[in-house]
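What follows is a set of structures for review.
Across the two complexes that follow, subunit A remains constant while its partner is subunit B and subsequently subunit C.
Now for the complex of A and B:
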């Protein structure tokens, strides 16, 4: 069943919120894709059921289970971002998207595993296998395409990042992954703060952007490297037991806490910002980005393959992109996310 | 040639000799592949794009609210004394 079908069954009293929640908690507990289960889920299910029984209208997805990539804060649940350095981290508050889910009567079942400070192939796998009706993730286009599920990478800024562990601050966007375009659209409407617009007509042929991928790598590593600096073993991050002084505390804690891919990104980011490299690489990356963003201003929508070369276009320009189960993505003008989902389903 | 000691200092990372050698090779290969990018020539006044957002910030009202309690802020610190983060001494 899709998420909207589950919501309809709950609304028609064919199934209770508790039954659905129990069913998906059991699936989550048996799945290696989940790293944490929300122990409050049954209690929250009872509260939602009571509101529905009292005739309260919560949302078109009230009572439906949802899961979150493990870089989104839920108070009382660990948030490790797939990293040893965050292993013991407990968020102090709920992410804004989580507050919106709760207000809309959705039940957070648990957290999904992810690559360290990166994407979550496990989220796409869990949705594809019906271990969860849908999930919230950060840009997960490649995994969604590989698993044949729908995913919206929303317009940058349409969804609050409060309570999302920052990775690439100028590109991070929380979006849904689901088994139908309608589910993606319904979930995005609950978590977003945006005034959506309709799609201008027609597919657009895009010009080539030969330097976009390099610019994207430079900017994303520079930003990720800066964001990773907060894991210092002092205020945040597991501290190395081997350090004898303050500098060693920083260096050893980070070296022992980060995996190889994260070290690679952090080093490359530092390299791009160091000395003459700022002018030689980083500044040019920002100029390429400005040039590319201006060139994409008039684009209504374009169908593209899902790969690094094409994914970076929507990332750099902050445009929405919807991945379809056929493995293609449609990139659209800013704030056409919902129209893209409806168009993609048509 | 990339100075890995300086780069590790900038990144605050203590790599093992094996990691350092491997990552130096990878980074140098990456830089070598970016020659065309480095040769791009933009006018001095070419615009920069640091964020795709073009919208004006919506400011909220400046209202007094309760701050996060100290004990909550310290709960994720690797070490603390109840009042402050605990760090190795930097002088005797």
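Now for the complex of A and C:
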């Protein structure tokens, strides 16, 4: 069943929120894709059921289980971002998207594993295998394409980043992974704060952007490297037991806490900002980004393969992109996310 | 060879906004450690900065006052470095688009003024066994005022700082307490032979916690530069820490000198646009500054320039003066009170003007009492000090200490009678037409009244008594 079908069954009292929650908690416990289970889920299910029974209208997805990539905060549940350095981290507050899910009556079942501070193939796999009806992730286009599920990388700024562990601040966007375009659209409408616009029809041919991928690498590594600096073993980040002084605390905690791929990105990003490199590389990357954004202003919709070369376009320009089960993505104009989903489903 | 000293300043002014620059936490000084901290200013992941617009307004106030060009599209940048006082491992500041450019104070040109956040404070255990972090100060808004290398003498530096301090105080944007670190000054210094156009190699001195320390540090460091160069050595460009106890500057650890801050635009803060309407609304509410007040006090009230300078030494003092003028309509009495007894009180008790707490209403009452002749000048001063020191009620104090002028007609009549009886010669002279002796007889009556007589009452009573004799 899709998420909307589950919601309809709950609304029609064919199934209770508790039954559906129990079913998915069991699946989650048995799955290697989950890193944490929400122990309050049953209690929350009972609360949602009581509200529904009292005739409250919560949302078109009330009572439906949902899972979160492990870089989104739920108070009381650890948030590790797939990293040893955040292994013991407990968030101090709920992410804004989590507050919206709760207000809409969705039941957070648990957290999904992820590559360290990156994407979550496990989220796409869990949705594809119906271990969860749908999930919230950050840009997960490659994994979604591989697993044949729907995914929206939303317009930058349409969804709050409060309570999302920052990776690439100027590109991070929380979006849905689901087994139908309609589920994606319905979930996005619950978590977003946006004035959606309709989509002019017709696919457009894109000009070539030869430097886009390089610019995207420079900016994303620099931002990610800077964002991860705070995990230094002082007030944040697991402190190395081997450190004898301040410098060793920084060195050992970070050396032991971060994985190789993260280190490589952080080092490359740091290099791109060091000394004269800011003028030589970073500033040029920002210029490429600005030119690309301007060039994409007139584009209403374009179908593209899902790969680094093409993914970086929507990332840099902050545009929405929807990945279809056929492994292609359609990139659209800003705030046409919902229209894209509807078009993709048609 | 004779040498010229060249200096530029970097002044950090901690702003007196109620809340921090990127969150709602209080900026209050001296609270218990880590009580003014939220996930945002603690640098927790998942948080986002929300700019406090009051900080931009404060920057505009200073920029407009100092004749700066105001940047209309303001952006923020991240300055990256590892230190425990910086929980995010970056400081949010303005590198590429500082809020103010140009402008100046007198002959000193400003390079720029930018907005930034302060770091937390590292507190070391007295025995050196541990260090603790207090993030209360983290995220407190700062303006960094950077001058061009326009200073040649210590006097110029101190004069500039004095005017800047006065301006910040009167604009009500910084309390300028150097001892609490709310006004901090770094001095960039180099020397060159007189007549040489190029600058010498500069050093930057930090940890200057008073005007006196700044003067000593400049003297020490300029001598050090000249000494090194005259001995054939060369100056290393570096940051040095002033040790006021030892009276020496020392290079800071090399790491801090070799720092590469890897600045880049902060992706979390959208550009802040200052439009004409906002700028003009701030301009319209700029308060009267110290220099303008001095001009008004001398022109409108006829107060001596020296006294006007004393009154405007701090905002709290000029505010008190203006309250007294409003309550009594007696600017000269008010000015005398401040330049005389109030200054004496501050000096004697070591009270800083900003810490002065006094009820202007009570002082105004005292001015009225002395002008009405109800108390004499000695009683006026005595009571005033009791008001300063113990915040007494003036009338209660005056009565309790018998300071009220004698209005008692029996006592007065007795005193007059006694004075007349004791001075027959003076009385005879007076009656013979020597009116100058009246003052002497008046003095005798006052003596009989032990100084508590009210001249306004004594004089007519004595005149009447003498006429009756």
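List of remarks:
In the analysis below, the second predicted complex is superposed on the first by the 346 of 346 C-alpha atoms of A that agree within 3 Å, B and C clash if a C-alpha of one lies under 4 Å from a C-alpha of the other, contacts with A are read in each partner's own complex, and residues count from 1 in each chain.
By our rule, contacts are C-beta pairs under 8 Å (C-beta built on N, C-alpha and C of every residue); 3 or more make two chains touch, one makes a residue touch a chain.
Please read these numbers as outputs of a predicted model, since none were measured by experiment.
Of the two partner chains placed by the overlay, neither subunit B nor subunit C lies in contact with A:100. Using the contact criterion defined above for the overlaid structures, shared-chain residue A:141 touches neither subunit B nor subunit C, since it reaches no partner.
Contacts of A:27 after superposition: neither subunit B nor subunit C is touched.
Once the two complexes are overlaid on the shared chain, A:222 sits against subunit C while remaining clear of subunit B.
Subunit A is touched at more residues by one of its partners, and among subunit B and subunit C that partner is B. Looking at the shared chain after the overlay, A:317 reaches subunit B, while subunit C stays out of its contact range. By the touch criterion defined above, A:214 lies against subunit B but remains apart from subunit C after alignment on the C-alpha atoms of chain A.
Applying the stated contact rule after C-alpha superposition, one finds that A:151 touches neither subunit B nor subunit C.
Once the two complexes are overlaid on the shared chain, A:244 sits against subunit B while remaining clear of subunit C.
By the touch criterion defined above, A:286 reaches both subunit B and subunit C.
On subunit A, the surface touched by subunit B in one complex and the surface touched by subunit C in the other have residues 89, 92, 170, 229, 232, 234-236, 246, 250, 270, 274, 286 in common. Contact residues of subunit A toward subunit C in the complex are 73, 86, 89, 91-93, 95, 161-166, 169-170, 222-223, 226, 229-230, 232, 234-236, 246, 250, 270, 273-275, 278, 282, 286.
The part of subunit A that touches subunit B in the complex is made up of residues 88-90, 92, 156-157, 170-171, 211, 214-215, 225, 229, 232-239, 243-246, 248-255, 258, 260, 263-264, 266-271, 274, 280-281, 283-284, 286-291, 293, 316-319. Of all the residues in subunit B, the ones that touch subunit A in their complex are 2, 6-8, 10-16, 19, 23, 26-27, 30-31, 34, 36-38, 40, 42, 46-53, 55, 68, 72-73, 75-79, 85, 87-90. If you check the complex, the residues on subunit C that touch subunit A are 39, 42-48, 78, 80, 82, 84, 87-90, 133, 260, 262-265, 267-268.
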